[in-house]
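In the two complexes below, chain A is the common chain; its partner is chain B in one and chain C in the other.
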Partner chain A sequence: MSDRRDDFLVLENVKTHFDLGRDFLTRKSKGVVKAVDGVSLTIKEGETLGLVGESGCGKSTLSRTIMQLIRPTSGKIWLEGKELSAISDRDIRDVRKNFQMIFQDPYASLNPRMTVLDTLSEAIRTRHPDSKGDDLLQRVSELLRTVGLNPAQMKRYPHEFSGGQRQRVAIARALAPEPKLIIADEPVSALDVSIQSQILNLLKRLKSEMGLTMIFVSHDLSVVRYISDRIAVMYLGRITELGNAETIVDDPLHIYTKALTSAIPVPDPRAEHARKRVILQGDQPSPIDPPSGCNFWPRSPVEHDAQMKETVPEFVEIATGHWVSNCRFCVEPTATSAS
Partner chain B sequence: MSDISQTATLQGKPQPDPAGPAVAAMLEELEEGSSLWKDAWARLRKNKLALTSLFLFILIVLFCVVGPFLSPYDSQAQDLFVGAEGPSAAHWFGTDTLGRDLLVRVMEGGRISLLVGLVATTVSLMIGVIFGAVAGYMGGRVDAAMMRFVDLLYALPFTIFVILLMVAFGRSLWLMFVAIGCVEWLTMARIVRSGVIGLKKQEFVEAAVSLGYSHTRIILRHLIPNVLGPVIVISTLTVPAVMLLEAFLSFLGLGVQPPFASWGVLINEGQQNMEIFPWLLIFPAFFFALTLFCLNFLGDGLRDALDPKSAKD
Partner chain C sequence: MALLEVEDLATHFHTREGTVRAVDGVSFSIDKGETLGIVGESGSGKSVTCYSLMRLIPEPPGRIERGVARFDGQDLLQMGKSDLRHIRGDRISMIFQDPMTSLNPYLRISTQLIEAQQTHRDIDNKAALFKAIEGLEEVGIPDASNRVKSYPHEFSGGMRQRVMIAMALINEPDLLIADEPTTALDVTVQAQILDIIKQRQERLGTAVILVTHDLGVVAGNCDKVNVMYAGQIVESGSAEQVFYEAKHAYTRSLQKTIPSLQEKGQELYTIPGLPPDLTKTINGCAFHPRCPFPKTGAAETGRPTLKDVGDGHCFADCGYCDSSGSIEDVLAKGDTDDIQLPGEGVEA
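Let's turn to the complex of A and B:
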């Protein structure tokens, strides 16, 4: 286990639970939301990991936990050999510049009372506290050019930009402290489709030019496939399958991944017509008191036996670099059940 | 930490920039953005009622501040041979029972009333905004404790509080500022707190946290500027409320003491003799009411300008 800590980013059995408190009168516990329930991951420097899953599966909580915006309930997180989860609330501020986040909604993620210049200068000063005057202006205009904005507009306010432009400003702000890790939490889902591809290409370019490591969170598998080297599929707070992007999309093992990939539309009408969908039953259960054992059993088209409903399946490396939550009902369903 | 921070990815040193070597030249062609404040001012300018109120209010302030210097009369000079007389060419507003020129007394009373209004509002603004922002930002137990303290002060009857203060420290104008300020900041704190709680969940505050900014910076730069809209509106409505409180205290004899006068004192004197010398009530009451109207309309206009969604028309 110890050698894994030498990797760029290591998550070890990370759990983020939210206690709902007790009922005022009966003092009974209202339950615990298990948003992230035992995630172990290793991310290599310079790679892009796509994190997919339905709404409410814990993707955003996991990214905020890695960002230390929410501290994990248990488990450990290492970034470049440094255990983030062990740093005190007071000291965490000093290391935050090394990992930055791009948020989902560019209309909410920029302070409406600050110009782009103010927003970016403030962020640049986290890395270069003494930068001011011409030097600072130079840095701001360079950042704006990097994300494809006109530096002459730096004195404008966020409401004077379009959604796509705002997201570019938000990306510039995330780059300003010169981080090594960027977590993009659904960075394109609030944008028009035509703008989405621009922002995706920008992120892809920046990542390769600057050698960033990126975690790309999305519920849209086709978007994730485009940008990621590896993909992790998340379900109810756990990772169900992890592997290279092509493997996950073209050759998934877990039935949940199959259901997700079969939902990607195909541009060729004939192929689209022949596409077999794996249809799941019902909705994702509530993360308050989630199903025990293989947490997918209530929705699986294959009936689980009592044993798999009780024991949590192991997360095993089935082929090189291809990990799956090894439930014998989910991983090896027959062809007939996947119609 | 050093192992992470040593490798700067983007701009270890700013590269010489081919597109803009002369930063100064570039600065000149920067497009000025229009801030939300500018937009609000543009909307306010279209609101005739609010603009007229603002103009009238400035006139009243000038009248009270500059007026006494232009008047030949001293506000405290008595002329017992004249006594109370109605408006005339010599005394435009007439004289009071001691023969003092009412015009000068209204102007000087206005100074005190406006001063009380503005100072007490500023005091309540400072305390309320900071207290409310800290409570809302910290949340949890800190918030609960701070807001219970506010509830406690709310529950204290204002008059008894002031009388206790007067008994303990003696009467003074400054004590009145303190007393009024102590009461008025409570509402401000509640409004700011609720605003901050709403803002705290917005992503730009999360972004500020993830950039490692200090609590002070987040509160001062990211939270407070975004709740100032409602705060400004409440302030314009607090000024008249404070002036009314001052009038009420003076009426009870707890506020401004003779020979000084405020509008509240003048109105009090006027109502004692209103059947015989009605002008003693009419003139100060007119100015007082006018000021209150102006500030209320201005506050309404500001609310609509700062938050266009809430505008009724």
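Let's turn to the complex of A and C:
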């Protein structure tokens, strides 16, 4: 496993748990939320990894854990050979200029009392502490131009921009420290469809122009397919399937991925009426006391027996680059696309 | 006769910044058992249309300026408050977008489901509870006889939305208005919820108005579709007509922006600019400034009205939505670079 550390970003059995504390009277433990429960991943430089799953599957916690905004309970994370999970809280701020995050809600993630100039200058100074005056202004203008905003608007406050423009400012801020890795947590979910496509185009362009590595988190598989090279599907804190974007969307192996892909409504009436859906039972169970064995059994639409609840499936490479949580009930040996 | 006929509905909001013409002359009709989809971006007036029909617009600042909404011969917009209460929740019911805020957190589900029945029917507690449990079972809530005693916070989002549907359908309404019923939910749960609505609709013959911004949801669930833009319907017709033979430049542009329809390597089409400011009078087609089709001449006065182009397929033709021209050709010629957005920055 040692050579894996030479890759750009390596996650090794990362777990992030939240302790709910003890009951005041009985002193009994209220339980532990296992938001991320053993994730191992390798991301190559320049790649875009899509992370999909339902709300509550741990995809946001995982991205915050990579950002070291939440420290992992156990497991290790390496970025360019440096072990992030071992760096102290004080020193992590220095390193964080190498990896930046774009948040879902551009209304909440920008400081309403700071102009765009202030916001961006602060971010630029993490990389160039001595930048000031004309040099700083020039850097800010350049950033704004990169994200498709007019540099003349740099003295404005966030409320003077529309949602799409605000998300552009948030992207500019993430780019300001010249990071190598960008984690985008649902960057388009809060936007209207027509604005969404503008931001997707922008992210795609930036990625190819600047050679950024990106983790793109979303619950919308069609958006993720469009932007990602590879897709990881998360369920209850674990990765159930990982592979090329096309393979995951068009030819998934795991029954959960099939359910996800078949649940996406397609804007085409004839195709929509013709297709067969894998409809899951109920909702995602609570991560406080996650189901044993293959954690998918309470919702599985396929027949299964007690064995499914007992054996934790292995995460195996079933074809080159295509990994799946190999539960014999969820993955049919003669799997063909159900959608 | 259609179950509901809406004619020239206009709802304006009188605010300090001016009069917002949120809905400005909307006409449509819906038959028994039919599903009508209303699509559009946020601010296009789709929710306000529904709230107006239910007379749930906060007045002031809102006011229904004009229009007729004939439901089974009666005009909903002229009806007195007490008559309206007899219809609301009984013959017309509504599912709201956010199931977290539309259930009363202080009351058990059973209390809320029983109240919904006793408001309209002479039914005793026991029978009403029995019907409530039956209703919950039908929308797929496991262990309904015990779960009915729970409070809303004990349910997950998907389960709460099921409770909302059970409540909306408990009096077997003739018309169900669903305002973005699945927007707050995950895709897997969305598929379940839409399935339930469809099943119940087939059994009861309910007419459904489904409001959504997701063209995919419309494609799979609606018979007829209204596309709204800036407070008016710009295109309407059967789902097939609107999806395969879209005429209006807005409908066609919208379809081009959806990632799932586009090839991966291709750049997504972006509609330049922003929707118009509804406090200002709009001359000519509201989509005119963002329209990809070549424009010549000055904008006409007044907005174009819906014209039938055959088989009930209507669109607001301003003369420039060149129906024979393919949007691909226009886009291939045009500059779709997202850096120059003429409308951006004009706002605020």
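The definition used in the following text is that the second predicted complex is superposed on the first by the 329 of 339 C-alpha atoms of A that agree within 3 Å, B and C clash if a C-alpha of one lies under 4 Å from a C-alpha of the other, contacts with A are read in each partner's own complex, and residues count from 1 in each chain.
Here is the rule we use: contacts are C-beta pairs under 8 Å (C-beta built on N, C-alpha and C of every residue); 3 or more make two chains touch, one makes a residue touch a chain.
All figures in this text were calculated on a predicted structure; none of them were measured in a lab.
Participant: Evaluate whether chain B and chain C can sit on chain A together after superposition, giving fit or clash.
Facilitator: fit
Participant: Is A:160 contacted by the first partner chain B, the second partner chain C, both or neither?
Facilitator: A:160 contacts both chain B and chain C.
Participant: What is the value, to the nearest 10 degrees, of the angle subtended at the Cα centroid of chain A by the Cα centroids of chain B and chain C?
Facilitator: For this superposed arrangement the angle is about 80 degrees.
Participant: Which partner does A:289 contact after superposing on A: first (chain B), second (chain C), both, neither?
Facilitator: Neither: A:289 stays clear of chain B and chain C.
Participant: Touching A:222 in the superposition: chain B (first), chain C (second), both, neither?
Facilitator: Only chain C is touched by A:222; chain B is not.
Participant: Where does A:6 make contact in the superposed view: on chain B (first), on chain C (second), on both, or on neither?
Facilitator: In the superposed model, A:6 contacts neither chain B nor chain C.
Participant: Scan A:177 for contacts with chain B and chain C and give back first, second, both or neither.
Facilitator: In the superposition, A:177 touches chain B alone.
Participant: Return first, second, both or neither, reflecting whether A:317 touches chain B, chain C, both chains, or no partner chain.
Facilitator: neither
Participant: Minimum CA distance, chain B versus chain C, superposed model, integer angstrom?
Facilitator: Nearest C-alpha pair, chain B versus chain C: 11 Å apart.
Participant: Which chain A residues come up in both lists, the one for chain B and the one for chain C?
Facilitator: 145, 153, 159-160
Participant: Okay, in this complex, where on chain A does chain C touch?
Facilitator: The touching residues are 54-55, 145, 148-150, 153, 159-162, 164-165, 192-194, 196-198, 200-202, 204, 219-223, 225-227, 245-246, 259-260, 262-273, 277, 279-280, 282-284.
Participant: Mind listing the chain C positions that touch chain A in their complex?
Facilitator: 41-42, 142, 156-159, 186-192, 195, 213-220, 239-240, 243-244, 253-255, 257-262, 264, 267-271, 274, 338-339, 341, 344-345, 347-348
Participant: Residue numbers of chain B touching chain A in their complex, please.
Facilitator: Going through chain B, the ones touching chain A are 1, 3-5, 7-12, 14-15, 17, 19-20, 23-24, 26-27, 29-36, 202-204, 206-214, 221-222, 225-226.
Participant: Where on chain A does chain B make contact in their complex?
Facilitator: Residue positions touching the partner: 64, 67, 69, 79-82, 92-101, 103-105, 108-116, 122-123, 126-127, 134-135, 137-139, 141-143, 145-146, 151-157, 159-160, 170, 173, 175, 177-180, 210-212.
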